[in-house]
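Beneath this line is the structure, given in structure tokens, with notes to follow.
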Amino acid sequence: MSKIKTPIVILNFKTYLESCGDSALNLAKALESVQEETDIKMVACPQACDIYRIKNETFIDVLSQHIDAVSPGSHTGSTLFEGVLAAGIDGSLINHSEKRLTLADIQAVNQQLLDNDLISCICTNNVETSVAAASFNPDIVAIEPPELIGSGISVSQAEPEIVEGTVDKVKAINKNVKVLCGAGISTGDDMAQALELGAEGVLLASGIVKADNPKDALLDLVSKI
Amino acid sequence: MSKIKTPIVILNFKTYLESCGDSALNLAKALESVQEETDIKMVACPQACDIYRIKNETFIDVLSQHIDAVSPGSHTGSTLFEGVLAAGIDGSLINHSEKRLTLADIQAVNQQLLDNDLISCICTNNVETSVAAASFNPDIVAIEPPELIGSGISVSQAEPEIVEGTVDKVKAINKNVKVLCGAGISTGDDMAQALELGAEGVLLASGIVKADNPKDALLDLVSKI
Amino acid sequence: MSKIKTPIVILNFKTYLESCGDSALNLAKALESVQEETDIKMVACPQACDIYRIKNETFIDVLSQHIDAVSPGSHTGSTLFEGVLAAGIDGSLINHSEKRLTLADIQAVNQQLLDNDLISCICTNNVETSVAAASFNPDIVAIEPPELIGSGISVSQAEPEIVEGTVDKVKAINKNVKVLCGAGISTGDDMAQALELGAEGVLLASGIVKADNPKDALLDLVSKI
Amino acid sequence: MSKIKTPIVILNFKTYLESCGDSALNLAKALESVQEETDIKMVACPQACDIYRIKNETFIDVLSQHIDAVSPGSHTGSTLFEGVLAAGIDGSLINHSEKRLTLADIQAVNQQLLDNDLISCICTNNVETSVAAASFNPDIVAIEPPELIGSGISVSQAEPEIVEGTVDKVKAINKNVKVLCGAGISTGDDMAQALELGAEGVLLASGIVKADNPKDALLDLVSKI
């Protein structure tokens, strides 16, 4: 039995002006609202400073954008597992393309999340690194081909084989690991095609965060499932 | 006129188990209580995920432990100025010894804080880097001699000349920059001697955060002023 | 057919005073001499600035200590693959514990070495990361349990299971990947026991580099094979 | 009396294909030849792996592109001062825009170079950081406005005030510190104008390194002085 209901939409708030403070809360409420209306699992990845408030004011699951592989102690300015856990996280992204970790740190943070029965989502850049990440038995591997990040190009059209290849090879290692498309997803068609290629969800950001109406953009995203 | 009332006690919560979530809030309340009782300025530096809650539930001033020198955008996992500002910060530490920044980033983050009339506290490791930091006209330079960090040795006994030298040279550049002792301060005597050497406050951490009774430890710290 | 003759001794020169300039050349000559006398494969990992000279004045194989995952271009101060290749390297360490790389960079540098038929030696810290590294099909995985690095404790006595476990799991992925012990090896007995546990060689440093007579120390190291 | 003869041309070889191995040597010989013909000081900044060879086969002064602020010891993959010193350096760049250092590390490496009577050239990005760098009394501050790096735009036309402002403020701190233009210099006119603005030399890279004939490009660069 998996902790993860699929299909799943994970929204990375990143560090946009449109995802700070009140705006972060509003994004989380849009996710909450769409989850209620569609019964499709929605997850928020806000900045660390917005985790507590979102967990307190919504029912949405929250992942940290990042956790540093440090133990409690003298690590001023780091994102401590125990800190964001106390703030209410349900899990974390690991190794996002904008916050790459060492191999040793990926393994350590992933293990810490699994040991606490929290959601671990490791981001990767190609089939080979997805396979390596899958060997750690995370809940999710989110593949982000660098050439598609922020490109507006649909992964299902540009590189369907990278999604299919990742799904095949990751499932060969551990069929419980879910594969998400982490780039090249903008529309309902993109998401539907990603699922057809074997992905069990998507990790996305600016297309929703910067939309005039994030809720409408989310509804469109899941409209073809 | 300075934004900073002195003498000042800045408490770096770091990433201790004793400074996560509820414990962070309790520490902030101890600072608040001692500030009220003694009329000595107390400032909290919690983890990013605790800023919002502390600002909402106390009246204490809060500094971020760190800000990344990035503009709003695609910087997953970074600590964005606009993010922690929305969470309520009154300023930030810059270049703490556990989160060193490049020269260019120190200048950029310091300027961002000054432009927003927020408190800028640059941490340094010796007289030379204190002088360089002072050339950016921050509100505060906090000198942490590396050999004293976490040593339990009193800076006023071990290296009084580093405090006096820093005060002299920093004030020669800009007399409005306040110099704080950032290591080697544990007791009321330490703090009193630091002020006698010309410092206008202290930046400290584990001695208070890990004390059985942080409020008592704070009261002791300021008892000889 | 493997590029690697085993058993193999890889000597990491690190950045000791005893391994700069003329001393680096002398260490390489000691390796050369012991390789000739014993017919056991010896490999040198000098600082980047000593690669050219050692390749020009000895016949020993040389690995770079590190390669940055950058393409030719504007990367002042980086260690470029094409640069150290022109200097004469036969391969490189990747992800040494003192120079950890991201997962994406490990994969990229490993592939670059394989594509050029050069020796790839990925350093790892435990069984899990060794398995992940092995999925990239490097020539060598060198396991360095952090708790043994520089400890003087013999890996075969303290943690024989970590060597055996790594060998078992790495060989299950790709039997051509060689496993080396990268910590806890000081004496001839240590090396003999490492080989008995399934390792096909050792990666070592200070015990030889800082020995009064590095050649004698190397001869002792391989005396029990 | 200064160690530095001016005007000076420092050529950063960076990590181009055109500056590896034999090509690095040829670039150094072009510098040597132009220095002999024009009596204008030329300095090479090759990759670490090319320092030894260039020092052995030419008479040109050589700066390391970077030095890590580490003491001799266990720092695999780092660029050790004592290592590049044994290879023959006459000094080093510090804090190049592609290899930024912390404030503490800039001060430490600069001091190490001064203590050994070697050339210290700190790279900076604006007037403020130039002033901070100058407080360390390096031989040279090379100002590289980020918006001009690799732009092909002439600094003397686009931002003459940044050069003049840096010269004024740096000289006010220590008149022995030389200011170099580190971006926006391509032609003989650019260099002549930089000197008119108060700069005492230039730090440049691709325009020469990637020229069809680097020697001719260098001769053109100094033709208007």
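Letters are used for the chains, namely A, B, C and D, taken in the order the chains are written, and counting of residues starts over at 1 for each.
In this text, a contact is a pair of C-beta atoms (placed from the backbone, for glycine too) under 8 Å apart; a residue touches a chain by one contact, two chains touch by 3 or more.
Everything quoted here is computed from the prediction, not taken from an experiment.
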**Fill in**
Output for shared partners of chain B and chain D reads none
**Prompt:** Which chain's mean C-alpha position is the greatest distance from chain B's?
**Reply:** C
**Asked** Just curious, how far off is chain C from chain A if you go by their C-alpha centres, in Å?
**Response** 36
**Fill in**
dist(centroid_CA(chain B), centroid_CA(chain C)) in Å evaluates to 44
**Fill in**
Contacts with two or more other chains occur in chain B at residues none
**Asked** What topology does the chain contact graph adopt: line, ring, star, complete, or other?
**Response** ring
**Item:** Partner chain C, residues of chain A touching it in the complex
**Value:** 95, 100-107, 111, 124-126, 128-129, 131-133, 135-136
**Prompt:** Where on chain B is chain A touching in the complex?
**Reply:** 12, 14-17, 20-22, 24, 45, 47-53, 65-66, 70, 72-80, 82-87, 93, 96-99, 150, 205-206
